Amino acid sequence: MIIKLQNSISEKDKQNIINTLLAKKYKTSEVKTQSGNYIVAIGNYNTDIRTFGKLKGVLDIFRVPDTYKFVSSKWKINPTEIKINKNISIGGRNFTIIAGPCSIENENQVTTIAKHLVNNNIKFMRGGVFKPRSSPYTFRGLGLKGLKMFHQIAKEYNLKIITEVMEISQIPQMYEYVDIFQIGTRNSQNFNLLAELGKINKPVMIKRALSGTIDELLQSAEYIFSSGNEKIILCERGIRTFENAYRNTLDLNAVTILKEKSHLPVIVDPSHGVGIRNHIIPMSLASVMAGADGIMVEIHPIPEEAKSDGQQTLNLQEAEDLYNKLNETVKLRNKILLHL
Amino acid sequence: MIIKLQNSISEKDKQNIINTLLAKKYKTSEVKTQSGNYIVAIGNYNTDIRTFGKLKGVLDIFRVPDTYKFVSSKWKINPTEIKINKNISIGGRNFTIIAGPCSIENENQVTTIAKHLVNNNIKFMRGGVFKPRSSPYTFRGLGLKGLKMFHQIAKEYNLKIITEVMEISQIPQMYEYVDIFQIGTRNSQNFNLLAELGKINKPVMIKRALSGTIDELLQSAEYIFSSGNEKIILCERGIRTFENAYRNTLDLNAVTILKEKSHLPVIVDPSHGVGIRNHIIPMSLASVMAGADGIMVEIHPIPEEAKSDGQQTLNLQEAEDLYNKLNETVKLRNKILLHL
Amino acid sequence: MIIKLQNSISEKDKQNIINTLLAKKYKTSEVKTQSGNYIVAIGNYNTDIRTFGKLKGVLDIFRVPDTYKFVSSKWKINPTEIKINKNISIGGRNFTIIAGPCSIENENQVTTIAKHLVNNNIKFMRGGVFKPRSSPYTFRGLGLKGLKMFHQIAKEYNLKIITEVMEISQIPQMYEYVDIFQIGTRNSQNFNLLAELGKINKPVMIKRALSGTIDELLQSAEYIFSSGNEKIILCERGIRTFENAYRNTLDLNAVTILKEKSHLPVIVDPSHGVGIRNHIIPMSLASVMAGADGIMVEIHPIPEEAKSDGQQTLNLQEAEDLYNKLNETVKLRNKILLHL
Amino acid sequence: MIIKLQNSISEKDKQNIINTLLAKKYKTSEVKTQSGNYIVAIGNYNTDIRTFGKLKGVLDIFRVPDTYKFVSSKWKINPTEIKINKNISIGGRNFTIIAGPCSIENENQVTTIAKHLVNNNIKFMRGGVFKPRSSPYTFRGLGLKGLKMFHQIAKEYNLKIITEVMEISQIPQMYEYVDIFQIGTRNSQNFNLLAELGKINKPVMIKRALSGTIDELLQSAEYIFSSGNEKIILCERGIRTFENAYRNTLDLNAVTILKEKSHLPVIVDPSHGVGIRNHIIPMSLASVMAGADGIMVEIHPIPEEAKSDGQQTLNLQEAEDLYNKLNETVKLRNKILLHL
């Protein structure tokens, strides 16, 4: 059960609500986000929740039977739109394209891609500076220095930056240079990192774990929300199965199901999903029809020379082809699926 | 290596070719299909294959390094179009909708659905009469009697029938009542059944196994082809993974990859794939963009009363909605992906 | 619910029982096996089953809530012992070693292995003559002729034969030459084959499917039992997962759980399980401690020259080492786990 | 290639070695651990490595073709024995039992279990104080305060503590109270945490990820080693598959393969593996035969009242039964497998 409190509620009234809940054997958690003030109460589902509705300071009460509460569409029916600035949002009725290299490599690379994005009216640039790599002996990114360079160029081109954060101590260091923090697939259940990202006021995009269930992804998102940050984006990036003909099994079933179970926007990453250049475009368009709110794709001026993930990276011409096809497909989707 | 022989080749010339191959340590298999006469030779990849090209009776030679040969797009680059009659084909530039109940139940059910299909300009009706069921104590279909009834009504409405065959002895019994034989997911590597279906002259649609790889599916198709039947349709129907939020993980990655690796048509079955009614439409449209040559979907006048699979079955109104959206999506795909 | 009938029950009394059940909305199936005469009734679990106990001809009644009935340990608590002849059994308190080549190749191979088995006091020899192979262009076994040769030598050495049957029409051809019919992993849900093997009076060993659940394996076994054959052996042979460091994930969890859920004997096949020669011995001994009733292992005089599966096949010296270690481990297990 | 340096090597000689390597297009990493001083060089495998052997300051050179280097048995053939104090070690010829509750709950619980362990001659006690939980609304452990209490009691009973660390900032806080740091399955690829644990001088036990491959586990271990800490223990705790009859698929194949590929000790956690109380004992004994160096098991005075994981926790009597059976099984293994 989620109890929405008046923002002006007095400490005394809040304590009274909590005590009433405790007396009925509920476990309570206080949650304060950018836009709301709540109590989550877990416990006996047979209580008549109207009892609590009459308590002073209570604005509204919702019963949410899922293990996740705030990220559930049973609590909030309308799709969430995350404002990046007054002109740009993710989710809601928007379709967002995020493109950029796997790794930030040098100024020339970033500038070339930034120009390409601006020419194609794309607002978000991805680029890793802290790279999670299976082996300790491979390139692990340019780090903070690379991020600052990335930030400066992005700012010049009026692009918003999304990049991965791997560790709590990186959050304050990265904060002013990042527009959206990304949680990588291997940190999808790094609960301390999630909770810490719940304390900031910037959007967080969380990727599904390698073999993470849909429920687990939503519970991880709940960690962020219940720590205070409502600005959450979900990302489907392929799961690990027995099949080896491609890199990961991009799971578009998850997209349509996440859109039903949650109000949060869902971005698809076909680059890590299918993971083979030839198949990025069809899988991106398929993602649109499955209900995605956007696509995050790896591009590079010369994929063959990319420091990482070259085999799944589009060159800039292929990327333009993708954007055009995405636009047409989104237009059709909006026409035929709008009433869904 | 596939050696295409002249249809008029003499037995003596053929033996000469085979002996030449055996002398070079190749293993040979003769293959005679509806439209061709071949020798498959497996062996030393360092031989200069032009040597064989000069032998009498040889029409053409292809090197195919895949484990499957005839179903590979390295042998036949253009997509295969399977003629059902002079007006109807599957594959090539067609998009095929196959719809019908999970199980054939009674005349009234079949007639209602048949009318619905005709009204929607659909040419293929599915319907199981031999039902593979995990438990021996559940409904296993109406059998041959049901098939005859199904056939009679379908004929009346000018619909083509696709239905599952579970066992070799059923093939001759079913033969005159069936237009396309379906091999179910649990028989996807029933090699004897595959080989036997290679001896008939009707199309065969083979489903991917529950945890079958793309390579295994193509090798199973190769069993049919190498036994003499070129009319093969592949079907992606969802794989088994760790995720339980839906029935099976419909794997659209497999669709785009199968279209690259093979010239055979690929049909998607979203009903068994995602397996939840609400999600059939988005996954069907996504399948189109992933490159599917068609969709096979379960429909029923009253899904709640269906003898099997009700939870994944569309009612007739939902089905019409699906057809309309499919048509628009296919139109867009043909426009934007045609040159792929 | 399983209703055990008197063997001498009259047709009229049986009909009366069935009619009583039907009147209470049960679905009924008659089952007649080598040793019993039963009615399986599926339906309302709220009925007082004692009502039926009083009907004429009823011997006993068991409530079995599992989807499988006869193979459940809720019906039959004591482990089943399958008599092969008056001296040899599988299951119960026995530990059975089955060894032999992947494929029967020639007389010399069979004789060498037969002698080795006799020297090591092993009673069961495996050997494939109908080989399921992913590719149609690989060796598919010597067929019936090979089986006859195998049978003759096995008889001479007083060995019992277990070999795979792939197709219904092979059953009568193979019948007199086979002691235990094996159902391969790819036919684990070939329900027609299962039902047909339910009509014979020889033991059947059924392998778990590549991604078959424990429940599905037991339901497949139920097909055999409910068709009339009680002599069923289960086989764990490794499942398909994401891991590629070995051939299949031999699932010893399944062994201990099958022993709890079912009264049927469980054999482990480490050769197809882990699938790497070095690891066969530890996994075999681990199987013993997990509760296996026996081991089926691939051996060959010269594994490097085996026509199939050489990399997972032990040579005869390694095999002897395995038998000795198995014997010691079984002895210990009997000592420490007997009361479980 | 691993180049072992003389401990007394001068900075100048080291630079000379590095420069020689760089000139040959190698990428180099310096590694300094508790007991050694190394350069890892990745590059051209065609070089004659004897060239480098002659350089001043080089003690030895090893070619290790695996992606992991120091944890590979190609570098160090003999099993590693990790000394905890002068009497207690893990690995080598030892078999280690670690037991304790899932979560540390209160003094009484800890004391009861500690006494039980001492009575059974067990040296290691597990117990979580920082608990990774899928949902933010469940019990997350007693934290540092709980650890201090745990430490005090453990010290009194002369028990060594193993407990999970979830976050870098916890390392210094926990350091003096912990004997072995555990990395949980969800942090198995938290590379920053791994690297940080590479800088301490206490043993680290790393669990395999939910769907982590054997190779990935070894590469994660390589992160710790290459950051300076040689004291690493691997832990198999079950992988995520399609099967739902148990909690996770405890993968004993991984145990025997890890013992071949690496010199590090391997502990099995059957509690999280099979995850059902009845099956803990057989799976533990099976682990011994598969080659495990030890077992970590969850126990509780009253499992039904445990704050977490009760269904997979043994009570103290069951635990004693397990220890006795483990001892007998280890004795047998040492007898029959020692020469392996």
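Per-chain residue numbering starts at 1, and chain names A, B, C and D are given in the order in which the chains are listed.
We take it that a residue touches a chain if its C-beta (ideal position, glycine included) is under 8 Å from a C-beta of that chain, and two chains touch if they have at least 3 such contacts.
Please read these numbers as outputs of a predicted model, since none were measured by experiment.
Engineer: Common contacts of subunit A and subunit C?
Structural biologist: The shared contacts of subunit A and subunit C, listed by label, come to B, D.
Engineer: Looking at CA centres, what chain is most distant from subunit A?
Structural biologist: Between subunit A and every other chain, the largest centroid distance is to C.
Engineer: Look at the interfaces B-D and B-C and say which one is made up of more C-beta pairs in contact.
Structural biologist: Result: the pair with more contacts is B-C.
Engineer: How many angstrom between the C-alpha centroids of subunit B and subunit A?
Structural biologist: Result: the chain centres lie 38 Å from each other.
Engineer: Taking each chain's centre as the mean of its CA atoms, how far is subunit B from subunit D in angstrom?
Structural biologist: 49
Engineer: With centres defined as the mean C-alpha position, give me the subunit B-subunit C separation in Å.
Structural biologist: 33
Engineer: Send over the residues of subunit B in touch with two or more other chains.
Structural biologist: Those would be 211, 215, 240-242, 244.
Engineer: Which residues of subunit D touch subunit C once you look at their complex with the stated criterion?
Structural biologist: Checking each residue of subunit D against subunit C gives 211, 213-215, 239, 241-246, 249-257, 260, 273-274, 276, 278-279, 281-283, 285-291, 324-325, 328-329, 332-333, 335-337, 340.
Engineer: For subunit B, which residues are in contact with subunit D within the complex?
Structural biologist: Of all residues in subunit B, those touching subunit D are 211, 240-242, 244.
Engineer: Report the residues of subunit D in contact with subunit A in the complex, numbered from low to high.
Structural biologist: Residues of subunit D touching subunit A: 27, 29, 40, 42, 67-69, 132-137, 166-169, 186-187, 189-193, 195, 209-212, 215-216, 219-220, 222-223, 226-227, 240.
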